[in-house]
Structures are given as structure tokens and as C-alpha cells.
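Chains: A, B, C, D, E and F, in written order; residue numbering restarts at 1 for each.
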Amino acid sequence: MIYQVISQYNYIAAVILFFIGLYTMISRKNLIKKIIGLNIMDTSVFLFFISMGSVEGGKAPIIVLGSENVIYVNPLPQALILTAIVVAVSVTAFALALTVKLYGDYGTLDADKIRELREEPG
Amino acid sequence: MTEDIIVKTTARLMTPFIQMFGLYIILHGHLTPGGGFQGGAVIGASMILLAVVYGLEEGEKRMSHDLSTVLESSTIVYVLIGFIGIAAGVNFLASGAAGIPLGRPGDLLSGGMILALNIVIGFKVASTGKTLFYTLAKEDEG
Amino acid sequence: MILSSHFPVLIVVAPLFAAYLMPLCWRWKRGLTKPIAVTALTLSFLMALNMAFQVLRSGPISYHAGNWQPPWGIEIYVDYLSVYMALVVTGVGLLILIYSTKYSDKMIEKGNIAIFFALILLLIAGLTGMVVTGDLFNLFVFLEIASLASYALVPIAGSKGTKGRFEASFRYLYMGAIASTFTLIAIGFAYMATGTLNMADLALRLVEAREAYPTLVLMSLGFFVVGFSLKSALFPLHLWLPDAYAHAPAPVSALSSGLTIKVMAYVIIRLFYSIFGIAFVSSTGLLSMIQIIAALAIIIGSLYAIAQKDVIRILAYSSVSQIGYVILGATLLSSDGFTGGLLHILHHSIMKGTMILAVGAVMYKTGKRNIQDFKGMGRRMPYTMGAFSIAALSMVGIPPLTGFVSKWFLLLGTLEAKSYAFTFVILASSLLNAVYYLRLINYIHFKDPDEGSVRVDEAPMTMLIPIVILGLGAIFVGMMANIPLTLISKAVSSLGL
Amino acid sequence: MIWLIDLLLLLFLIVCALEATRNKDLLSVVIIFSSYSLVMAIIWQQLNAPDIAITEAAVGAGITTMLFVAAISKTSRWEE
Amino acid sequence: MIRKWLIRLIFIVLLGYLVAGFVVGLPPFGSADAPAYTHVVPRYIERSVVETGATNIISGIILDYRAYDTMGEATVLFTAALAILSLLGGEKDD
Amino acid sequence: MIQHKDSIDKPSFITAFIALFVFWLLVSSAIDIQHILVGIVAAFVVSYYSADLLIKKREDIPSIKVVLLFLSYIYQLLLEIIKANIHVARIVLDPKLPISPVIIKFKPRLKSETAKVTLANSITLTPGTLTLDIIGDTFYVHALTAEAAEEVKTWHMEKRLKEVEDAA
């Protein structure tokens, strides 16, 4: 049991990072901190995917022509994560642009203060 | 903007080589690790480097607004490459099945549609990376 | 070369292609921006119609992108349910787009108009892509396109928008990003347990995986449900919605309320019925939990709506309540209930679309949207407000209108499932709906306008026509409910109820 | 012994993430996050995912960091 | 003070227990028998060179087998660029 | 400042093109006809886009003699780096850790900006020393030990670089 848990250390690290990211997103009031938390959370998911694709004794999925009986690691999760990284960057960039705009309007990055300062639309 | 001549001169001399390396990554995407996204990101980073060292106007001068508009829309080419499949009587985005020659595996000019798509994606990512940074960093937002 | 066999992919590619053209048009040929957008979406709608006939004639269509066999390549799978959703999305989307062509001139900052149309096209393309895809990761990609476009559409009005628009958009993005990450994790778990991303293949292989990796399958289901509940604003997770609606331009609120959250609800239905299997979901106890949540959403959404002063917020909370109907109908495990839930998607898309667009027309003319400002509006904008009133009555569930039909089926469903508590919930909520919608109608038609209020006349034609078409849709669908019902009943029976 | 290095790298990641949560100076947080990305890239190289490693190094440590720096330069550097 | 620490300890132990329980339920790390490695992937590994002409399997997957996804991905980037331009960019009203 | 794109002339363009093409061949895994053809196109694109960064004006074009001298300079630099590596390793592994970090300033006789920056980067690349800044003609160098600092002031690499500069 203990060995089973320990040997999956990549997954454990991914879960810990996920919770750190989620915690940062929820507990910090600063908007940029929230975005950092989002990024940590995203990378933890990527780490989980890549770990899932790992195969013992596997080589990187670049085929060396003419060699046989080579074990390659699972390329599909890697292909998916390539897409997901781009998505994460896009969301981050847009969130940062919003942050800049919010700062221009309210002069603060504190989520609570922004909520106080906000006026209801009429 | 910096006044440091070490940074300035190094950035100036390195940028063409960084861009060349980015192109190398893009064009070897089907052979070695890397591809359109990675190479595009490298080229985009080289433009960001120029902007950080020499100021945003410099980069704007090198890549006009028209050019970046065109490059932003370069995804059109991706779709048009996809239409080759339909024109050939098979499905959207088909490569080998549409009769696009795959070449001899391992050659630089091989991989059928993959090489073309890598180039499209490379330009797209480079221009988007540049646009994202330049828009975000622009001093006067009007 | 038979083009019609490529419609499953072209229906997504057409709006995408138009969206790519938008920046070019804006730079060099401004006059072309709007015609291209409308043409692309019209094409999309016609393709959806054609596919509906194809599907009705010869069963579900499976399209293999890139000619790769399904588990290896991406399959686009159009069955009865997909084509029904595709019709709703492209049809209502088209009307909202036509409405926006006029609306955008006055209410959107000039520099943003091309981006506004591009983002609307991207949003609709993303939703259509989600609806027709047969691949789990492809679903995620299109989900991200649609989400990013809708975050960006909230503050699009620029300096002509309200002050809190950035905060609303940030909140929306914050919730949406968490939901997207959850979805990605869920996809990872599902892939880990089965080794495939194709939905049909996944459904087959999950049966075995449930034995081998029970925790994985359960976690996958859990993350999916939480993620898409967030995205579809199911009751305790609806907090982002009212702000986002209140600050967005009217066509955007109409799109989000009418289409986005419906498509997210569709994904939940798809997950339950086509992927995990409704029997398995029900055996985990999740189903009864969701039923209760949906019932709570119906009641609490309505109660919140009664307390609002701002018309858009009333409609927003009403959406929270209506999504409860859809989810409740889908989880009742009775074919009548499911039919009602699916019909409610169409009904609510049309009704909410009409009402938000009508409110948008009033804002276009007066710039105001407090409930007080609607006094006597019925006399000034008779057609707009007439459509609004028809839609409101339909929401309450007055007989020949659509709302009545879908609620009738839902009631039958609750009776069939012997869940009498839910019968009571639906009846009670109709009463609550009546409270706030009739109050609105009273203000609009039976009160005199305040002294010194702005004198306005009817909205411009390009805005009025979509509103009236949608309003007439309420009557039409209500009278001839059998037309959508042929598709829905096929969908229901093909999903195994 | 390779697994020991992996373990150390993962530990470093967690420490970086915690520090990024704790630190009040946003510019430091961004630099810490950049090194976090680089270490993540190394881990992915260890897991035989060179494509993803390059992407993370170019995008995560390069472009994302620059975007953060640009945003911070236009807002405030300190978390209140 | 002690109570606060106790609560934290209990919380961490609980979380650890949950994580351990979850991790044990996963297929072992690096296993070649996991379903993720045995169902769809073998074809990519064995045939991608022949079928796509690319020796980099990942390129073969993202730009040929799953090229439709990558079109969506490029679209996400396009959307992000438009979104940022709408907030901070270009021409404004007079 | 960087020059504007229109001012680039043909010889500068061709020089940049050749430099980039050689770089392409160096990083390429194989040299065959396809690599050469694609390399020509790629080098053309990059030099079209940013040749003016590499070669600011006509006088910057190096003669063949300068290139050869520069290559020999690079070779010498590699040897220096290896030597310095061993030296630093000895200091760090010494249990007494005999370090005495100092910052010194000195004025090399180099004139051109490129030469100065090359020297600064060479100093930084050699372990144990680090160029902090160049202000005017003055170099500010941080060194691990006092001897290393003295050595930097009278480094023979500077003379070699001067040769390269004079040849240009």
C-alpha cells in the first residue's frame, strides 16, 4: 500500500500543485495572484497528463528510422497537452488585459475593493 | 527601453539568429521535437525581446499593422488546406488520403500536409504572440 | 463531389471562416463586414436544416475528419439530438446576428465592431462545434473557443458600456477557467480509464473500466458534472451569470442566455446518456442529487428574479430558473420529462432571445432599462413590446404558447416518474413566473409613462424583424409543437428512454 | 538514482508554487513562476516529452512571463 | 493556538488520505498495460510514419490524425488576439 | 538606434544572408539538397525581415580576414573558458574557500560598440568573472578573487580582439 502510493509520486505532486493553485485562486484577493494560481492549476493538470503517458523504459516519441523493438512513450497525452497549453496562454493573456483595464478603472487590483467601488448599472 | 549597450548590442545581433532558429524548429516539426507552436513562440519571443530592448515603436516599424492583420487571419490558409481534402473527393483535412504526397520519411520535404500546416501555425503563433504582448504593453491605451 | 456529405464539418467551418475574414474586411473593405457575417451564418443554418432532413431520412451521420477511422481520428457525429441543437443554435444565432447589425452601430464602440461580429461568429461556431462533435477532446477545444469568445463579448461595448463590465467579465472568466480546467481533468481521467477519446468508443469501454478503475470513472463523472454545472450556471454555481448578463450588450446576453448555457446543459445530457450511461449515473446517486439541485434552481431563481429592479437582471435570474427545468427534465428518467426538457431548450432560447432583444431595443432608443422606465412602453413601441409580452406569457405557460407545451410534458414526466414533489415545484414556479412577468406586462401596457420621460418610437426594421420573428415563433412552435417534437421524440428514443 | 532527481525537481516545483502564493511582491512572484515553468519543462524532458518541454520553455517561461511583466508594469507591483 | 494547529493537521491528514486513496486507484505510473497505452495509441506508434510521413509522432497526431483539433487551437489563439485588441487595441471613437 | 528597413543595401543584405545560411547549415542535422534549398528560402525570409539588425551599415560588413580572426578568437575563448573552469573548480572545492569578491573598473582600448560588447560577453562567459555594466569606455567587472580581477585588466584576449577590430 505505502509503496503503491509512493511510486506514484508524479501524480501526488500533480494533486498537491492542483490544490495549491486552486487555493491561490480562491484565497488571494489580488487579481494577478489569481491568474498565477490559475496557471499553477493548469500546469498541474498538464503534469498529470504527461505522467499518465509515461511508460517504463520508453523513448521520446520521435521515431528513429530503421530501429526496431523500441518502446515509445504514449504520444497522445502529449499531443493533447500541446493544445491545452495554447489555450491556457490565451486565457491568461485575456485575463491580464482585463486586469489592466480594471486597474485603470478602479486604481486597485484587490477583488474586494473593486466590488465595493463598483456601481450598479442603472 | 534600456540604455545598457551590452543588452542592446547583444539583442540586436542575436535576434536574426533566434528567428532563424525558430524557423528551423518550424520547418523540422515533423522530424524532430518542435513544430509550428514552438517555433512560432520562439519567433514571437524574439520580437518581444526587440520590444523590451528597443521600445515598442521599433517593433511596430518592423511589422506594420497591415502585415500583422494579415498574419492574424492566416488561419484561413489552414482551412483552405483543409479544403484540399474536400476538393479531392475525400474528407476535410485529409492528407494522405487526399493524395498529398507524403515524401520519403526522414526527409525535410516530407509529411504531406504536416509541413504546410506547421508553417501556417508558426506564422500564426508568432504574430499572435507579438500582438498579445504589444497590445498589453502599449503605453497609451487611449 | 457531393457537398452535402461535408455539411457536418462545413457547418462549423463556415462561421469560422467568416470570423477569420473579419479583421481583413475591417481593414480594407468595411462595407463587407456585416454581409459576410450574415451570409456565413445563413449558410450554416441552411446546412443545419439540410442535415435535419438527412438525419430524419437516413439516420445519424458520422463524418471522419481527415479520413481517419473514429477511435484514431476525430469523428463528427450528428444524431437527432445534435441536429436539433444545431438547428436551435444556428437559427436563433442567425436572428440575433441580424439584430446586431443595426444594434452595433449605436451601442458598440466603433473600433470594436468588426471584433464584435468576429467574436459572435466564433461563439456560434464554437457552440455548433460542441454540439456536432463526437470526440471528447474536440469538445473541449470548441468549448474553449466558445468560452473565450463569450468572456470577451461581455466588455465589448467599450466606452459605451457600463462601468462594471470588466469586473463582470473577469468574474465570468474566473469561474469559466476553473470549469474548463475541471473539464480537462475529467477528460484526462476518462482517457486514463479507457484509452480512447471517441464518445461512442468511450461509452463501450467505460463498461469494463467501471470494474477495473472505479475511482477513476467516478472522479471523471464528478469533475465533468461540476465543470459543466458551472458553465451552465446550475443553481449554486450561477453567481457569475447575472453580472455578466447585466453588463454585456443585449445581443450578447441573448446569445449567452439563449444558446451558451443551453449547449452546456446539452453536454451534461450527452455525458449522462451517450457516454457514462444513465443507469450508471443513476446508480451513483448523482442523478437524484442533480434533480434536487435543479428543483432548487427553479424555485430560487424565480425568487431572486422577483426581487430585481433591473429588467435584464430579472431575465438573468429567470434563466437560472429555466436551466433548472432543462436539467430536471433530462434527469427524471421518463421519456415525457425528457421530451419536455428538450423542448424547453427551444422554447427558452426563443423566449429569452425575444425578451432580451426587446429590452435591447428599448435601451437602443432610450438607454434605460429599469423596470420604472418601461412604464407605458407598450404604446410607444407596440410591436417590440407585443413580442415581449407574448414571450413573457409563454414563459408563464399560458396555453397555446410553447411554454405551456414544454411545461405540460415536464408535468407528465414528473407524474410518470412518480416524483410528486417536482410536480409541485413546477406548478409553484409557474406561479412565481407569473408574478414577475405579469408585473412587467402590467408596467408595459397598463401604466402611463412618467412625466418628462423620453419620447420614443418603434425600433429600426433590422432590429424589429428578428424580434417579431422570434415572438411569432412562440405562437408557431406552441401551435405546431409536433414539428420539433418529431425530432425530439426520435432523439429521446435513440438515447434509450 | 534518476528517480531521486525527479523527486527533487517535483519538490522544487511545490516550493516554487507555495512561494508564489505567499510572496507579496508580484514581480518576484512572476520570476518565481517563470523558474517554475522552466523546472516543469525539465521534468517533462525527463518524462520523455521533448515537444511539450520546448513548448513550456518557450511559451510558459517566455511569452507568459513577458505578458505578466507587461501587465504588472501597467498596474501595481505590490499586493496589498 | 494548539487547536488551530490541530485543525490544520487533521485537515492535512484527511487530504492526504483522500489523495492516497485516489492515487492507488490509478493505473500504476509508467505501466505499459494501462488502457491509455493499449487501445488507440499502438496504431499511432506503429503506423504514423507510413500513414502521415512524419517521424515525430506528435506532429503526426496534432497535424494529421487530429488536425481538426489543431484548427480549433489556432482559432483559440485568434480569439485571444481579437479579445485583447477589443479591450486595449487600436482605434477608438472620436 | 536601429536603422530603418529601407536603408538596407545589397551588400549588407547578402552578408546577413550568408551568415544566417551558415547558421542554418550548422544547426541542421544533415546537409542534403533539400536542406540547402529550404535553408536558402528561410535565410532569405529572415534576412529580408531583420538583416538591418545584424548589419547596421555598410562599414559593418566584415572582410574574410576579420571572420577568420574572429573564429580564431572564438577558439582561444573556448580554451580560456576551460582553463577558468578548472581554476574556479579548484577555488570552490578548496575547504578554505579562498574567495575575495571584488568589483573593479578598467578601460580597454577597444573603440567599436560591437567589440566592447564582445569583450564584455567573453568576460561574463569565463567563469569567475562577470561584466556588470559598460558606461562610456569604462567596464565594471565583478570577479571572484583579486587575482582574477587583476588578470582581467591585462587579459590577452583584449589584444586579440583589438587585432580583429583593427583589421575591420
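Just so it is clear, a contact is a pair of C-beta atoms (placed from the backbone, for glycine too) under 8 Å apart; a residue touches a chain by one contact, two chains touch by 3 or more.
A quick note: this is a predicted structure, and the numbers were derived from the prediction, not measured.
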Minimum number of chain-to-chain contact steps, chain B to chain C: 1
Which of B-E and A-C has more C-beta contact pairs: B-E
Maximum centroid distance from chain B, chain identifier (CA atoms): C
Of all other chains, the one whose Cα centre sits farthest from chain E: F
Where chain A and chain B are represented by their mean Cα positions, the distance between them in whole Å: 24
Chain C-chain F separation of Cα centroids, rounded to whole Å: 61
Chain A and chain E: spacing of chain centres that average the CA atoms, whole Å: 9
Distance between the centres, which are taken as Cα means, of chain E and chain C, whole angstrom: 27
Junction residues of chain E, two or more chains touched: 22, 26, 34, 36-37, 40-41, 44, 49, 55-56, 58, 62, 64, 66-73, 75-80, 82-85, 87-89, 92
Multi-chain contact sites of chain A, meaning residues that touch two or more partners: 9-10, 16, 51-54, 58, 60-62, 65, 76-78, 82-83, 85-87, 89-91, 93-94, 96-101
Chain B residues touching chain F - in the complex, by the definition given at the top: 4-6, 9-10, 12-13, 15-17, 19-21, 23-24, 27-28, 31-32, 50, 54, 58, 61-62, 107-109
Chain A residues within the chain C interface of the complex: 18, 22, 25, 31, 34, 38, 41-42, 45, 48-49, 52, 76-77, 80, 83-84, 87, 90-91, 94-95, 98-99, 101-102, 105, 114-115, 118-122
Residue numbers on chain E that touch chain C, as the complex places them: 21-22, 25-27, 34-41, 43-44, 64-69, 71-73, 75-76, 78-80, 82-83, 85-87, 89-93
In the complex, chain B residues that touch chain D: 25, 33-35, 37-38, 41-42, 44-45, 48, 52, 129, 132-133, 136-137
Residues of chain C defined as touching chain A within the complex: 137, 140-141, 144, 148, 151-152, 155, 162-164, 166-167, 169-170, 173-174, 177-178, 180-181, 184-185, 187-188, 191-192, 197, 246-247, 310, 368, 370
